[in-house]
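Common to both upcoming complexes is chain A, partnered first by chain B, then by chain C.
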Partner chain A sequence: MAIKSSKETLTSAWFLAPFLSLFTLFIIVPIFYAFYLSFRGAPTSFDLSSFRMVGLKNYARILQDWNFWSSLGVTCLYALINIPIGITASLALALLLNNKLPGKSIYRGAFFLPNVLDMLVVGVIWSLIYAPKYGALAQIVSFFFGPENFFNTTGVLGSPYTALLGVILAMTLKGAGFGMILFLAALQNIPADVYEAADIDGATKWEQFKHITFPMLRPITIFMVITGITSSLNAFTEIYAMTSGGPQISVMGKAVGSTSVSGYYLYKQFEAGEYGYAAAISFVLLLITLTLTFAKRAYDNRQIKGKKAAK
Partner chain B sequence: MTETVKMNKNAEPQISQETKKSVWASPVLLAIAVILLFFIAYGTSEQFLKFGSMIISSFVPEEKGTQAFVSLRDAIEPSYRLLDNEYSARLDVPEAERKALPQNISLKQIKDTHEENINRESSLGMFNEAQALVQHIEYLEGRSKGGFPEIDDSILKTLTEQKTVIKTAMAKASSSSIFMAALRPLYVLLALLVALGVSFYAVKLYNEARPIMKGEIVKRMFLYSALTLLAVLVLFPFFWMLCTSFKPSGQELVIKSSNPFDFVPEEPTLSNFRRVLKLDAPADAAETEANRFASEAAKLEQKKNFGTYFLNSLVVSLSAALLATFIAATGAYAFSKKNFPYKGAILKALIATMLIPGMMFMIPQFFMICKMGLFGTKLAMFLPHLATVFGIFMLKQFMDTIPDSLIEAASMDGASEWQIFTLMIVPLALPVVLTLFLLTFLSNWSNFLWQLIVTDFENPGSITLPVGLAMFRGQYSSELGLIMAGSCFSIVPIAVLFLFAQRYFIEGMTAGAVKE
Partner chain C sequence: MQIKKDKIYMTLALLAYLALVIWAWSPSVPEFTADGRKIITFWHSYNDSEEKVLTEIIDKWEALPENASYTIRAVRIPFSGHQTKIRTALTVGKAPAMARVDWSFVYELATKNALVSLNDYGFDKIKDDYLQAPLNSCLVNGKYYGVPDQSNCVVMFYNRKLFKEAGLIPEKSQFTYEEAKNIMPKTWDGFKKLAKSLTKTGSSTDGDVYGYAMTNTLWWSLPILNTYGVSVISPDGKKCTYDSPEGIAAVNMLKSFVTEGIEASAWRSGATPTDTGFVNNKYAMILSGPWNLQQFRNSRLDFGVALIPGGSEGTSSNIGGTDVVIFNHVPADVAEASYRFFVFLTNKDNQVLWCKKLDQLPVNVNAHAEVNFEDPYLKIFNEQMGYTKPNPLVKDFALLEDIINPEIETVFSNQKTTENALKSIRERVEAELLTEMLP
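And now, the complex of A and B:
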């Protein structure tokens, strides 16, 4: 028996070797390596030995870095607007498609298609649609309201108050098909007799939606919120392609980028050669993610306990 | 309650038969309605409007050379000549010293319309032209006030005086032209009514043939219209991209005065694609010692085209997809069918890393790649992303459903572990393996941030499509047609692939969520 199991371990090791070695090298090692780098300063040359040890200075700098905290604020704002709009749009599409309709799969494909297309290209196209003077939007609005309008002179991405909304609209139209598929699958799993019973009890369509449909879709909604938070923390390409973090806006007397999300700010530090500082920022972002994860887990556990207590 | 359920179950085949027959009749008719609706949108465009007004004018002949036409023509003439001379003169100057024309102006188009209107003696045409002219003068005034004068002050002063003349002529002419000017919205309304009539009639015919509930028809029509509108909204950027990429240089900025929704190029050209592929590069000069360096640089520059970028992206994404799928398949097999120490702990660690934002790994991975001496190579583009935890779970979940007895029977028959894996497990899991292959291909095709930071911009062999497009946009930021032609290289192949493998894409991408 012992011989057999050790033999099995050996064959498993062979099968696991490619995956585990790459995983360790490029996922596990970087976590510690980033921590190590976060105590180092900017290099004086491209040689890695030129990194000076700076101790905790990077972390002290983060605490005072107004631009970093504002980028976190923009990330929160991005998530707070983007997630509800995304969920509403996906749910609306799913409800429209959750009917007996010939040719339904064509629409399904059409809504899903932008999801598989390159984010950078989609961002570039949208930035040109929004562009003042020659963009498609300026063209349409100018036709009806003359050339002196907001879309033709400033452009959606040119004003700090609308730039983030412009990005969100583009991302919603790109990503709504994904949530739609999830909601559609969940909607089709709700048994029809629940609605029949509600009909008999005289519930209106809206009451049925509020008390049956929406609660049944709760797991998908939670999943969408979680992936939304992750993608807000990872947001970079759309900002790079559409706004480059701008336009600037003055908040409490300091100029900050109105669309400079944390991912973009991290890239900017990297681009500027502040490798040690960028590593420290990565670490702070990681801590924030972990805190959120644990908070969610604690909340789940409390709910499960609450349910058990109720029983 | 149970009885009704039973009844429903019994009734089910009948219902599905009913809908099966409706599957063909109803969409064909509605498709006609949708096509008509499209033509209405397109109907505001020049060609269709001309066709429409031709029909209508055969009933209501437009009076030729009316008083309105003559007075409008005379009012327009001075300002028209003035602007024409001014803008034409600018075009004679060499391009480098040229003072730019105001945005949104196509001289050729304006001249053509003007001549056509004069020839046709059309009062409506002259009225529209006068309106456009007044708008243009007001635009010039606004620019001048705003501190960006597009034209000399002396000319602008004359134009401002002329504006009042044109406006008076317009006011006089409007009473006779108003019918013709109102033709456009009337025409759209008419087309809309016809389309609605046709679809209602079609539905009525269908209804008589196979009665279904009336409410159902109205509901369906509403659903189809809403879905079509939304689909147009979602797909519009890509439609605009395709249209613009075929427009000749300079023409993509032209706003059509008749219809702002008409983005279809009138004279499609492939010149943008030729330029992004650098097909028309100058022939190689004779290679002397002196110009060797210059010609080397030119050759390098020549290689920086979208054909190269496309091939680079293809090589990177294909090798990444092949290797990642292989690695995930072997790993998943071990996790699913084998027992080894710490298996549970390793799986838990894998799940934990899935939560970490990918951004976190960027900086250390970059230094590791540099230390390995891989900076600027194709291998660096995908090596750190080969170990996909998502892939492991996706394949493991499927392999868990393969019964162990199958494997035991095979090993009894003397099959080696490798034979079991390649001849039994992989063929059985083929649909999932294919899905994973597509997904990793896709994620490497559009992995912009990572590819951007490991690209060596001097080496054309390391520039992938998204990075190439970002570079290209920096160079030609105002040439829409070129940027759009470059975008096509990334979008069109994936869109075509999606058409054929839609099911795999959708199932694969949503697999992570459905499990939860």
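And now, the complex of A and C:
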């Protein structure tokens, strides 16, 4: 039996070898190389050997880098607004399309469709919609309320107070379809007899949602929170396509890009040829992502254990 | 027996896979053509019309007997972001033999030892054939590291259709040099009055039209800063002097375009870019360069060009353009052939061909006599070139832009006073750009 098992393992390894070799080459090796690079300074020439060793100076520089911390602040804001709105929109769509609506499969397809589009394409489309003076939104609002309105004079992406919200709305409408599919699958797995029992007990629809539906959707919600945190820390394309980190806002006397999230700031460092510093930033972001993810999982596990103990 | 067969299939599959990986890993571009010519790769960022003329010139160069063993493979890369692409390619050893780069990039490439010095091939003997201002961008620590292939400045473009609608020029007139000289005011105050007369907002039928649209970057602001005699960096390169009284006056003037409602907010994030608004008859005046002459003509736009209005120092403009450079990883014979190509590309005959076909300004002074500056567009550009001032020379122009542009935006959006923003700029430029960076 043991021989058969090891043979099976070997066969599996042969099957996995092509994928694993590519995975190692394009994911694992670059991760380790980026970590090595994070201890190297800016190149003095265009040669891999010219990245001189600087020890922890890149990490120390992060601590003093106002622009990095402000970009992290923008990222937190982005995550804090984007994740709840994204989950709420996905759940609302899933609940709506879980009913016996005529043509619901068409709606499901329509809501999922933006998710298939490339982020850059979606960003450009929304930039055109938001554009002041000649954008679709400005034209519509001006038609009803005259030209002296915010959407026409400044534009959603032109004000530091609305630009991030504009990006979030675009990304929510793009991503809600995917969340909707996840929630729909989870909703359809909730046994109907639980609701029947609740009906018999006289529970209202709201009470059923609060005490049955939402708790049963908890694993998907946790999954969406965690992927939301990760995607917020990785956000780049939408910012690149829509705002390039702007517009600027003055914070403590310093000009800060109101949508300059940490992923975009990292890109700017890379673009400037600061490969070592960009690598160090990416590892700080990785550390933050892991910490938040594990903290969230630990919190949820404690909640679940607490409930089990109470029972 | 079955297991043995499976193993054979599996091994064959793995070998096929490895062969595929090795094949993919090997260089995909051969070094020689089928007829034995050595391939010299040239990364450029010319547009469609320019690329056609480039191909014509390459064909002529390859037909010369001394170039019989070489062929030039011209590869177009986007101008936007070409620095990042070249930096990365150089770092991983995948750079081409030669490239066309923005004038501001030569300094970085040369100081990081990525370029071949053209003095080694005798460029200093023919350097006087080139215009001084673009030539200066190739000079680093006393050596020439590139050949200017294009030089330009920006002028004021005006939309004749909108001017006609405003009754400023006759309906059936054609653009002439005289019109350009008369239509554009000589001062910024006059310009603002003109822009105001062209601005029409609030009309629900025709849509809004703005007198002027501007981009908020340092390079695009330099023409206006220069009309006030602003020196962003001191001549010795050690101090930032943007917060001088001239700097404050110039930025306040830029801000007045916004506050007086004659500017289309094109500088804002997400707004319609200046070129797009101009072509679509929404922006009456913009600053632009000769690279757009063909493009605007192709879109059948009725437009004219004029000298930029003057500030306290009269009219002025910035210096733009590109240089062609050779990377130092190439063998000596390829470097020499590349140099021969640069000299050929920018010689008198080819510059005349280039400028006549593309409505551009020659970088070779010998070509000036043969380029028809009677063309009113080129005549204006040529005249404006005479008023240009050198751009600030710093080790990283992109970083200078990254520091300055956000601060100026806070002035335009009334979040900071001009004085405070320029003070912040001075402090950051001196701390981050004029001293060694960490680490």
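To be clear about the criterion, the second predicted complex is superposed on the first by the 275 of 311 C-alpha atoms of A that agree within 3 Å, B and C clash if a C-alpha of one lies under 4 Å from a C-alpha of the other, contacts with A are read in each partner's own complex, and residues count from 1 in each chain.
Operating definition for what follows: contacts are C-beta pairs under 8 Å (C-beta built on N, C-alpha and C of every residue); 3 or more make two chains touch, one makes a residue touch a chain.
No experiment lies behind these values; they were computed from the predicted model shown.
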Checklist entry - Putting chain B and chain C on the same copy of chain A, do they fit or clash? => result clash
Next on the checklist: Contacts for A:Ala136 in the overlay, against chain B (first) and chain C (second): which applies, first, second, both or neither?
Outcome noted: first
Checklist entry - In the superposed arrangement, does A:Thr204 touch chain B (first), chain C (second), both or neither? => result neither
Checklist outcome for this item: Across chain A, the partner (chain B or chain C) reaching more residues is B
Next on the checklist: Going by the contact rule set out at the top, does A:Phe23 touch chain B (first), chain C (second), both, or neither?
Outcome noted: first
Checklist entry - Is A:Gly109 contacted by the first partner chain B, the second partner chain C, both or neither? => result first
Next on the checklist: Looking at A:Ala163 after the superposition, I want to know if it touches chain B, chain C, both of them or none. Which is it: first, second, both, neither?
Outcome noted: second
Checklist entry - In the superposed arrangement, does A:Pro219 touch chain B (first), chain C (second), both or neither? => result first
Checklist entry - For A:Ala42, is the partner it touches chain B (first), chain C (second), both, or none of the two (neither)? => result second
Checklist entry - Now for A:Val54: first (chain B), second (chain C), both, or neither, which partner does it touch? => result second
Next on the checklist: Applying the document's definition of touch, where does A:Gln303 land relative to chain B and chain C: first, second, both, or neither?
Outcome noted: neither
Item to check | Superposition clash, chain B versus chain C, among 8-16, 62-70, 80-88 or 170-178 | outcome: 80-88
Item to check | Interface residues of chain A shared between complexes with chain B and chain C | outcome: 11, 14-15, 18, 48, 133-134, 142-143, 146-148, 270, 275
Item to check | Residues of chain A defined as touching chain B within the complex | outcome: 5, 8-9, 11-16, 18-20, 22-23, 25-31, 33-34, 37, 48, 93, 96-97, 99-103, 107-122, 124-126, 128-129, 133-134, 136, 139-140, 142-144, 146-148, 170, 173, 176-178, 181-182, 185, 192-193, 196, 219-220, 223, 227, 230, 233-234, 236-237, 240-241, 263, 266-267, 270, 275, 278-279, 282-283, 285-286, 289-290, 293
Checklist entry - Which residues of chain B touch chain A in their complex? => result 1, 4-5, 8, 19, 22-24, 26-27, 103-104, 135, 138-139, 142, 219-220, 223-224, 226-227, 230-231, 233-238, 240-241, 252-253, 255, 259-261, 263, 326-328, 330-331, 333-335, 338-341, 346, 350, 353, 355-368, 370-371, 383-387, 389, 392, 417, 421, 442, 445-446, 448-449, 453, 465-466, 469-470, 473, 480, 483-484, 487, 490-491, 494-495, 498-499, 502, 505-506, 509-510, 513-514, 516
Checklist entry - In their shared complex, at which residues does chain A touch chain C? => result 7, 11, 14-15, 17-18, 21, 41-48, 54, 57-58, 61, 127, 130-135, 142-143, 146-148, 152-158, 160, 163, 166, 242-244, 246-250, 253-257, 259, 268, 270-273, 275-277
Checklist entry - Where on chain C does chain A make contact in their complex? => result 3, 6, 10, 14, 17, 21, 81, 83-84, 87, 90-92, 95, 109, 112-114, 201-202, 204, 207-208, 210, 264-265, 268-272, 277, 280, 282, 396, 398-399, 402, 406-407, 409-410, 413, 415-416, 420-421, 424, 437-439
